[in-house]
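Each of the next two complexes has chain A plus one more chain, namely chain B in the first and chain C in the second.
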Partner chain A sequence: MKKQTKAILYTMPAVIFIAGTILLGTFLAILQSFGYFPEINLTKLTLKYYQELFKSPTLVKSLVYSFKTAIISTLLGVGCGLVASYAIVTGPKEHKFIKRMMALPVAIPHIIVVTIVFNLLIRTGFISRLLIGIGLLSSFQDFPNLLLTSSGIGVIVVYFWKAFPYTMMVLYSVLKSIDKRYNYVSRNLGATRLQFFFYVVLPLAKPMLITSALILFAFSFSAYEVPYLLGAIVPKALPVQAYIEYTSPILENRPYAMAINVLMMIITFFLMGVYQFVSTRVERRRYYD
Partner chain B sequence: MTRSLRGIIILVSCLIVGGPLVLLLVLSMAKGLAFPKLLPSHMTLDGYRYLLIQYPRMVHVIINSIKLSTIVASLSVLLGILAGRGLHGLSVRGRTIAKAILVLPLLIPIVSVAMGLHIVFIKLNFANKMIGVIIVQLVVTLPYAILIFSDLFHYLGDKWFEQGELYGAVGLKKFRYVTFPLLSNGIISAFSISFIISFSQYFVTLLIGGGRIKTFATEMFPFINGDPLIASSFSMIFLGINMLMFLCIEVFVKSFVKKGIVVGEG
Partner chain C sequence: MKKIILSILMVSLLLVVGCTEKTEANKEVYFYGWGGDPRINSYLDEDIAAVMKEKHDLTLVRVGMNIDEILTKLLGEKAVDAEGTIDVVWINGENFHTAKSNDLLFGPFLEDLPNAQKYINFDDPENQYDFGYAIEGYEAPYGKAQLVFTSYLETPPTSLETLKEYLIAHPGQFTYPAPPDFLGSAFVRNIIYETVGYEIFMDMPADYEVVKSALAPSLDYLKSLKPYMWQNGEAYPATREQLDTLFANGEVFLTMTYNPNHVSDRIDAGVFEPHAQNFLLGNKTIGNTHFLAIPKNAPNIEAAKLLINELLSVESQAKKFDPTVWGDMPVLDNNKLTDEEQKLLNVSGMGVGTLSQETLLNNRYPEMPADLVPIIEQIWLEEIPSN
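And now, the complex of A and B:
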């Protein structure tokens, strides 16, 4: 019992700090989104901001844009990360250098990745020059406009470049811990290499795969910097749109900003439910295996 | 997976990760990179020289940023150790609930939380001040530190601490000669990760700092999609500062752990 009390005491500062800030921030955002903003004499609760939000065609486009960029970059990153880490794990020798190199992007912040991707993908950028150099294009006007357009390619590339090595790192230890004998057993029972991958490796890696995909999605869906710098002018990503409404000199616009925020929160809350479901299953396995 | 296919996958992965980094380094020193040219005609240090010497208030911004991020990372390590230790001792049920709360910042849009909190911070007189920025950045970095320490404590188990107690290391002595050396690798990684995350925060710093709190990230931001030389030099200096800090914290922590064996990988 004493050990429990001590453990609770140790955990409390962090729990109180995070729960306090997150819940307070969320609560106030929700309150303001319903039009409760006493600082400018708005005290009547109303649904009108949400109604107007869903009527506006730009919001739906923003939602689709944010969702699209986040889901594509996450799926590509997680997929490639899985394949690459499987390739490294099944290799004959330890690749110390490769492992260290793959850890690098995790320590490189998004704004620096934006700097690189901007100079790679802009119409007069490195890739365009490379294509002209080998004679595939004749001028930069033949190179498609990838940045600041509704295709969201620049944003996707940035998030992919972060997600791919991240997934690889996380999955490396999981795949490494898979017993080698599983391979012999399954091959002995007649499974092909592909079948071994899909029926043995994939199910074992699944919990970790889903957890990292959710974290990556939540981040790319709701971060401001990348779509602000590389994203389209129209439609704007949700966090960018929210901040524009927030900083509008017309204070009555602020509830719109908060309604967008609440929308983003609801989507990630839903994901969190999935995350919780998955991670408790991981935790259970840890203890009963 | 056949051998050649594996080789190709590994090679492509390395190119995807390494190529852009090499490009950044080259860009930061490239002169005479007129449009269709692939390689610069000669190298220059003008970008670095401009930013480090001529750029107004650069030294001030760098020092201010390092100060801010060091405070955030230290708090993050401190609370992270406590929570990691606590989580290890909790019942399975308690741990599940506590962990669910502690990873919230990884999953809830910080942009939205910060906008919601902004008005409270203004009322509490935290906005446009160091303290407000520290609090909001700590929310972002803390989960990473906690995950590191909770894994580390889980991996270490109770045996080392019990053994230390058996030999008379109690109270502060236990922390100094048992807990701290065992955690040293975790402290180094948690500090480094928290530091770089704090150092690269743009949005929350801008919102809560109100433009008054100038950090390296807020200073760099307007230059990112501008002149390649300046943008990439900014990026390289950014990375340089962080590498230097990683080295500092490693030397600092290790200086307290001279004798004995360090168990556990961060």
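And now, the complex of A and C:
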């Protein structure tokens, strides 16, 4: 008991600071989304902003666009990250160089990656010129439009570029800690390498895998700068819509931005709830088995 | 125990002394504004800061912050009635409108400034209205911008008709940043002025239907360009920088900017080829003035006035106009300057590929009233990219 009190006391300052700022911010955002913004003399609570948001014909398209880019980039990133970290861990010897290299993209800000991807992937960009140079394309007109379109490819590439090494780094330490004897035991019992991967490695890595996928999804679903710079004009990703409403000099538009933010928050919280629910059930089942 | 009490006393005494010393001095003046251009930043951090230190013994502290955050900060401070931290804010247009109508600004102060009395033409509409909104001495002009276009063509299209003819002959080579990007939005307004004139907008009510029916010919023109535009007019660059990249790569034939000296800077940096040349598309282009204001809760209003006054001196404006420094057009009235002062300004402003200040100022549209701008941006979004 005493130990527990001590633990609570020690974590209190950090918890108060983090929870306080997050809760206060969230609370104010929710208030504003209901039209309470006393600084500009809006004090009547109203559902107007939510009604307008749900009436808007572009909302569904924006949602689909945000979901699409976030899900594809997360799944690709997590999948490739898992395979790559497994390959490094089980490889014949430790590659210090590869380990260092994989930490690099994690440290590069998204905005820089956007610039790199823009210069690589526009029709007159580096890749197109390279293909023309080696004779695979006759002119840049033959290079497809990848950026700023509703396909969302540019956005997916940037998030993938960040998600892949991130998952690799996180899973590397998990996989590294798996007891080597599991491998010997399973192989001794006749498991193939693939079976070892799917029945031993994957279940052990799963909690971390899902956690990183959730973090990556929540970020790519709700951050605005990448879809703002590389996404389409129509449909606009939800966070971009929120950003535009927020930065509008018409302060009366702020509640719209907040309504969009609350909607995005609900979606991410819902997903985390699902994860929590599923993972506790899985754990319980394991316990009773 | 005694030792502890003594040391606490000592420390607090030190703190008190430290604090009083600081308030006594109060030798800082805080400038808040957009900080995204290193050249603009170093103009303030180095050139102006040196003058302020030397002449007034004030330390200029520049804080880079976007205007929406500044407004949020001022609103928050107003809500709790707190003294602020901002002495001078770089502002214009819709944001000035928002700040002034929410009672966030100190003023009127413009006519208190000696250099304003000396060099500013108070009767010039550009110094009376900011995006159609009466200034009433709550802002001091700081610099002028004007929409210009840049291309490599010897005879670029200079009217809407010739632009369309050029695009039909060279499809896919033209685009503009999507509004609400500042520049894209200005480009669309310029097309509007060229198609239906600017006069009707000057006292138009901010009503969606009224604006939309006034825009009909402009929207038709923009729609008629779409099949010949970059990516069939379905995708648009998000920023000026992206448009510059497309232009530098040869994917589009023109780029545009609000800073007429931008071209010299890009040529100097080796991004554009040396024969890039500015031109005006249409009879005139939109110009606007950007301003400086003082928040109502500014901690040091006197210092703020000194700083703004200094920024209105011939030397500061000439330095600012130098394309290697910033290239921003001066706001001083040529008729109020001595020959020598005029010479100083004109010499400093001519960069490679630019148009003369005279050409620009003689072919200049006023900005649209601020409250029409978001309506136009919304109509553009509904009508142009998706249809």
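In this section, the second predicted complex is superposed on the first by the 257 of 289 C-alpha atoms of A that agree within 3 Å, B and C clash if a C-alpha of one lies under 4 Å from a C-alpha of the other, contacts with A are read in each partner's own complex, and residues count from 1 in each chain.
Quick note on the criterion: contacts are C-beta pairs under 8 Å (C-beta built on N, C-alpha and C of every residue); 3 or more make two chains touch, one makes a residue touch a chain.
Quick caveat, the model's predicted, so the values are computed rather than measured.
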Fit or clash - chain C, chain B, common chain A: clash
First, second, both or neither for A:F140, with chain B first and chain C second: both
Touching partner for A:F118 - first (chain B), second (chain C), both, neither: both
Partner chain in contact with A:R193 - chain B first, chain C second, else both or neither: first
Touched partner set for A:I40, first chain B, second chain C, both or neither: second
Most chain A residues touched (candidates chain B, chain C): B
Touched partner set for A:F269, first chain B, second chain C, both or neither: first
Contacts of A:Y10 with chain B and chain C, given as first, second, both or neither: first
Which superposed partner A:I18 touches (first chain B, second chain C, both, neither): first
Which superposed partner A:I233 touches (first chain B, second chain C, both, neither): second
Touched partner set for A:T26, first chain B, second chain C, both or neither: first
Superposition clash, chain C versus chain B, among 19-27, 73-81, 181-189 or 217-225: 73-81
Common ground on chain A, meaning residues reached by chain C in one complex and by chain B in the other: 39, 118-119, 124, 140, 229-230, 246
Parts of chain A lying in touch with chain B, wherever the complex brings them together: 3-4, 6-15, 17-19, 21-22, 24-30, 32, 39, 80, 83-84, 86-88, 90-91, 95, 98, 101-102, 104-105, 107-120, 124, 126, 129-130, 132-133, 140, 161, 164-165, 168, 193, 197, 214-215, 218-219, 221-225, 229-230, 239, 242-243, 246, 257-258, 261-262, 264-265, 268-269, 271-272, 275-276, 279-280, 283, 287
Of chain B, residues touching chain A in the complex: 1, 5-6, 9-10, 13-14, 16-18, 20-21, 23-24, 27, 35-38, 79-80, 82-83, 85-92, 94-96, 98-117, 119-120, 135-136, 138-139, 142-143, 146, 192-193, 196-197, 199-200, 202-203, 207, 217, 220-221, 224-225, 228, 231-232, 234-235, 238-239, 242
Residues of chain C defined as touching chain A within the complex: 66-68, 71, 75-76, 78-79, 93-95, 97-98, 102, 172, 178, 180, 231, 234-239, 242, 245-246, 249-251, 370-371, 374, 381, 385-386
Of chain A, residues touching chain C in the complex: 38-40, 118-119, 122-125, 140-141, 145, 147-149, 228-234, 244, 246-251, 253
